[in-house]
Amino acid sequence: MQTLYFALALFLLLNLVAGMWRVLRGPTVADRMLAAQLFGTTSVAILLLLAQAENVAALRDVALVFALLAAVTAVAFVRRAWTDPETKHDAN
Amino acid sequence: MSGVFLYALLGVGLFVLGLYALIIHAHLLRKILAINVMGTGVFLVLVALAAGNPDAPPDPVPHAMVITGIVVAVSATALALILMLKVSVATGKNHLSDSTRD
Amino acid sequence: MTDNRKTGKALRLLLVSLLCAIAAWLGYAVLGLSLSHVGLGQLVGANLEASGVSHPVTAVLLNFRGYDTLLEMGVLLVALLGVWSLGGMPDYDESSPGPVLDILSRLLIPMLMLVAGYLLWVGAHAPGGAFQAGSVLGAAGVLMMLAGWRLDSRFAGLLLRVVMVSGLGVFVMVSTAMLLIGNGFLEFSPPMAGELILLIEAVATMSIGATLAALFLGSRPAVGPDK
Amino acid sequence: MLHWAFDSLLGLSLLWLAWRALTSPDLFKAIVLFISFGLLMSLAWVRLGAPDVALAEAAIGAGLTGALLLAALARLESIGEAGRQKGSIGETGAHDR
């Protein structure tokens, strides 16, 4: 069972690495930011799997903090950095 | 805990990478990011070596040092960002000008 | 121009090779360290009974190496003073928050406060503690500011400053009180160490949270009866 | 074996994220990559058996650092735009993208 949890965590990490492609490519700033938010969500899942696999209950607290605080970055992005949602494609 | 040296070497790599970026970039925001990466590299070496002994639980003293270090790093980053904005308002530039070249 | 570029390239090559040498040297040093050293882990474990808490990292932070934490609170305060003494920033014009953000912040901020309290409480026997709880509280403050809330100017004067300083202040006062009753500075006597640590941590959490949120705001909040 | 694969993949992605965050020409991209770097660091602390540090990194890396950097970038760009509107010398560099 432990091996299964760990294999699943590895699979999620692979997914996360695939998500980096969107951060690098994503034509708009919102694409990049949402990919980073996806990293946060995937990390929550990985943390929960590791908590189960290694039987460390404290990791669930880490996952809880992660899930709650992901919103702060997203709100900061929407309020401060996303000035012109229609046209903001960056240059490269 | 065979991955200890992996993470310790990763810490060294991050430190050197941050140092390189700190030297070659003129933009102050990039310098701030570079210093943060350097600090993370140091933390990584500390925590990796604290987990080194496989027969004992991880050493709590480096962990405590790294926790204080993370909070100090974020407050220093906040101060540095405000200083950067002040420089930008005062000079209109995002890098420190070199008086011998200007 | 091409000459300039050539020297630039040469300099960069020199820098990269120098940094590679540094990396190799540091890597060699790290690999050469013996991992079977005892470290301070056993010492901490042996004295954990006397510290008043059962989680080794909290014991180290608040009791065995209290100086670190004390000075760290000082560093936070100095960073805040530095930010405040730089004067106000030009306020960035932002869109109005909108109802979604308002409702989100109303839902999320009580949760964040609850989690901060939980982390503070659980720190005595499991991972958690003042720094983590303070960071969560600081993030809650940042979220409030992003959602368009502002601190009422009645509280932005003395009260805010008292909260900011209280983390360091209570720590120093408790330590000095220990000195007066005949212990060393920062030497908590075992029967009441747990309660003292909880008191210091609770005040420090509030103070760290307020300081981090103020660092995000970047300028001194307005003081005065109106505005 | 599985642990080795996890650790190596995590380490490589951390190094790569840091490299891209420090070299990408677009400042916003650099900041998003740095935020992602902080999120993954939390996993590294967990793998090193330091849940306390992971908790601190999660609280600060996921919430505060991102908000601080994004707000600073927005202010930097508004300072740059104000400078350009005043007609001063255009070397603001906020858009060194």
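By letter and in written order, the chains are A, B, C and D; residue numbering begins at 1 in each of them.
Note that in this section a contact is a pair of C-beta atoms (placed from the backbone, for glycine too) under 8 Å apart; a residue touches a chain by one contact, two chains touch by 3 or more.
Everything quoted here is computed from the prediction, not taken from an experiment.
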item: Geometric centre distance via CA averages, chain C-chain B, whole Å; value: 16
item: Intercentroid distance (Cα basis), chain D paired with chain B, Å; value: 12
item: Geometric centre distance via CA averages, chain B-chain A, whole Å; value: 22
item: CA centroid of chain A to CA centroid of chain C, Å; value: 24
item: Shared-contact residues (touching 2 or more other chains) in chain C; value: 57, 89-90, 92, 119, 127-129, 131-132, 135-136, 139, 142, 146, 212, 215-216, 218
item: Junction residues of chain A - those touching two or more other chains; value: 58, 61-62, 65, 69, 72, 75-76, 80
item: Per-residue multi-chain contacts in chain D, two or more chains; value: 3, 47, 51-52, 54-56, 59-60, 63-64, 67-68, 71, 73-75, 79
item: Touch-based graph of the chains, sorted into line, ring, star, complete or other; value: other
item: Full enumeration of touching chain pairs; value: A-C, A-D, B-C, B-D, C-D
item: Chain C-facing residues of chain D, complex; value: 51-52, 54-56, 59-60, 63-64, 67-68, 71, 74-75, 78-79, 82
item: Chain D residues touching chain B - in the complex, by the definition given at the top; value: 3-4, 7-8, 11, 14-15, 18-19, 21-23, 27, 30-31, 34, 37, 41, 44-45, 47-50, 52-53, 56-57, 60, 64-65, 68-69, 72-73, 75-76, 79-80, 83, 88-89, 91-94, 96
item: Residues of chain C touching chain D in the complex; value: 57, 89-90, 92-93, 119, 127-129, 131-132, 135-136, 138-139, 142, 146, 212, 215-216, 218
item: Chain D-facing residues of chain A, complex; value: 3, 6-7, 9-10, 13-14, 16-17, 20, 23-24, 29, 32-33, 35-36, 39-40, 43, 46-47, 50, 56, 58-59, 61-62, 65-66, 69-70, 72-73, 75-77, 80-81, 83, 90-92
item: In the complex with chain C, residue positions of chain A that touch it; value: 57-58, 61-62, 64-65, 68-69, 71-72, 75-76, 78-80
